[in-house]
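In what follows, a structure is listed as structure tokens, so that the remarks can point back to it.
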């Protein structure tokens, strides 16, 4: 090895590239000057305390909230990189239910509680043109198995499911169209620890198997430790530290990150 | 349907057809818009009518806006001309317009209906006015109107199929038997009002003008003549209409929509046409040709 | 002479912002080269910064200055200047790291924990599982435990699962943080064998070995660390303790 010619690896083109994203609510800052890129198959964790701008950022990225400034470029399957803020609303909605997934903290926001588990999973395929009941159902059951829900529950409504099952169903409902990018907002929030572990393990397996890029917002450092390759730490709307997950967690540089890491209770 | 009169009705002191002319014009504009965008729900400034919501106030306002002195009005409720709702609406229009009323589908120029489409095929020049209790087919699956409007705007009808999926999953078939959603002109999803799905195919390429009025929800929509009306279904569970084993106990029809009528306290029952005009006409014809009269006593 | 790993001018301090901004220097201007087939033992008193250096070589800690050059797919890359995704790639195929403690993943059986890095490097799953089983039996993990998640294993068993996981891929560079700390003599001997096998196929190894016997058996040379007067290893856990 010669030390003169140091190379860089050829990067895969970014799937999502964000630059200079700002959003405020009146005088209140949501997020300020956020820039980053995420590549296919990468898992990016965003941590920070409540009010740090994580959820605002996620809402802007997933097209649910219009930022005040900045660009969000997404590498669309058929068109290449496009600033999603310039997409028309129907285009953005279509993107959100085919090539993207959104897993909400509260399954009530992401599921139809009065529609059977099978119907919940079948909705996305039907929305993009599936017209054969037998095929739709077979695909739904395939996904129920993947997220470890008993097939006997196919026709049951998620209202009767436990919190963990609801969350797994929400994941299946999103992944059925094989999205390339999934946004997750505190996916393990409000679940028992044992249920969390199962969900995390399932997510980890699916993300690796399918090569999905994930942006996961959480305040739980254990969750990002397990799932995320990379980490962004947010405070008062700004990204104050970012890098490899284990590097940021084991050798935090910013005062706030040090405080965050040191505040985790050991078991 | 020329409603070009401004005369105050002599007996009642009301304007012709009850509504004032400005209101009629406003509703007619909504109707024209509705006809231009088949299946699209046009909001309109619905007026208070001298009937309670749920008694056909939407249909009455539409009829009042299109009716003229030369029209012949037929009003049916569940296919019958002699049920309470039909009788009171017919009487209302007799009072405020003096138009000719008829029970004959063929003679009528305007037919206001609740829950049925007449069995006798409609013709060009006829207007069918539906009373609509709930105009939004997506309402059960998506309660937010801001969202349903977008779903219509972008033709996002995947969620509607979820309701059909639920039927097949729970009952093995699409169990919805009335108010069966249909896509109009290949574009807008529409609630056909609570008519039996038996009547859905009659809407397809119908020569008559079909107008829908929802009084409580203040929405008007329409299917222009000769417009495609496709009922939602699955490839492996195609749309089907109801069928009956027997025939009408009164006229012997095997092609009409039959109502089950309980005839005594012992549970005896019979099936008869829901469309009374259709049934009576057939019975009259049969009586004129005694040889073919079947089981009539 | 070829060099697999070259650390140049590495300097590392910890700044404890939550402790009034105390700056703790750990090491300064370190140069370390490791050749294929060579095993370098980091040597120094407890708290000298051996673990910190080892973690820095894995990019787990971020030195303040310097370069860490590694040969990745035949190309020299600077680990400290690399993008996070590049580090992930380099770690997947070029640098292996056996930490002192296994980071247990819930619900994944020992066999799959071990096989995972091999599968990530493109080995067919059945082949990877077979190799994982071979390593687990060499390290005397009873077969009845293979399908169980290591969370309930003893400390020594967890450490052996961790070692198997580190050795299943033939990493060109392998970092070992006290791999034999809680092992009995027989398993220590197995680990020595594994290290020597890795050396013989050209692996460049950097390790911390407190056990003198093991050190004698594997180390080609010692790299002394801990000459700075104020040097002190401050792992994150320690930061956490100080701060709380």
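Order as written gives the chain letters A, B and C; numbering starts at 1 within each chain.
We adopt the following convention: contacts are C-beta pairs under 8 Å (C-beta built on N, C-alpha and C of every residue); 3 or more make two chains touch, one makes a residue touch a chain.
Since the model is a prediction, treat every value here as computed from it, not as a measurement.
Between A-C and A-B, more C-beta contact pairs join the chains of A-C.
Ranked by how far their CA centres sit from the centre of chain C, the chains are topped by B. Chain nearest the geometric middle of the protein is A, using mean C-alpha positions.
Separation between the centroids of chain B and chain C, computed from CA atoms only, is 77 Å. Mean C-alpha position of chain A lies 31 Å from that of chain C.
Centre-to-centre separation of chain A and chain B, using mean CA positions: 48 Å.
Under the contact definition stated at the top, not a single residue of chain B touches 2 or more other chains.
Residues of chain C that touch chain A in their complex: 2-4, 6, 8, 14-18, 55, 59-62, 67, 69, 71-72, 75-78, 81-89, 103, 105-108, 235-236, 239-240, 242-244. Those residues of chain A lying in contact with chain C across their complex are 1-3, 5-9, 11, 39, 42, 197-198, 200-201, 204, 225-226, 229-230, 243-244, 246-247, 249-255, 258-259, 261-264, 266. If you check the complex, the residues on chain B that touch chain A are 141, 150, 153-154, 156-159, 161-162, 165-166, 168-170, 234-237. Looking at the complex, you find that chain A touches chain B at residues 89-90, 93-94, 97, 112, 115-116, 118-120, 122-124, 126-128, 131-134, 136-137, 154-155.
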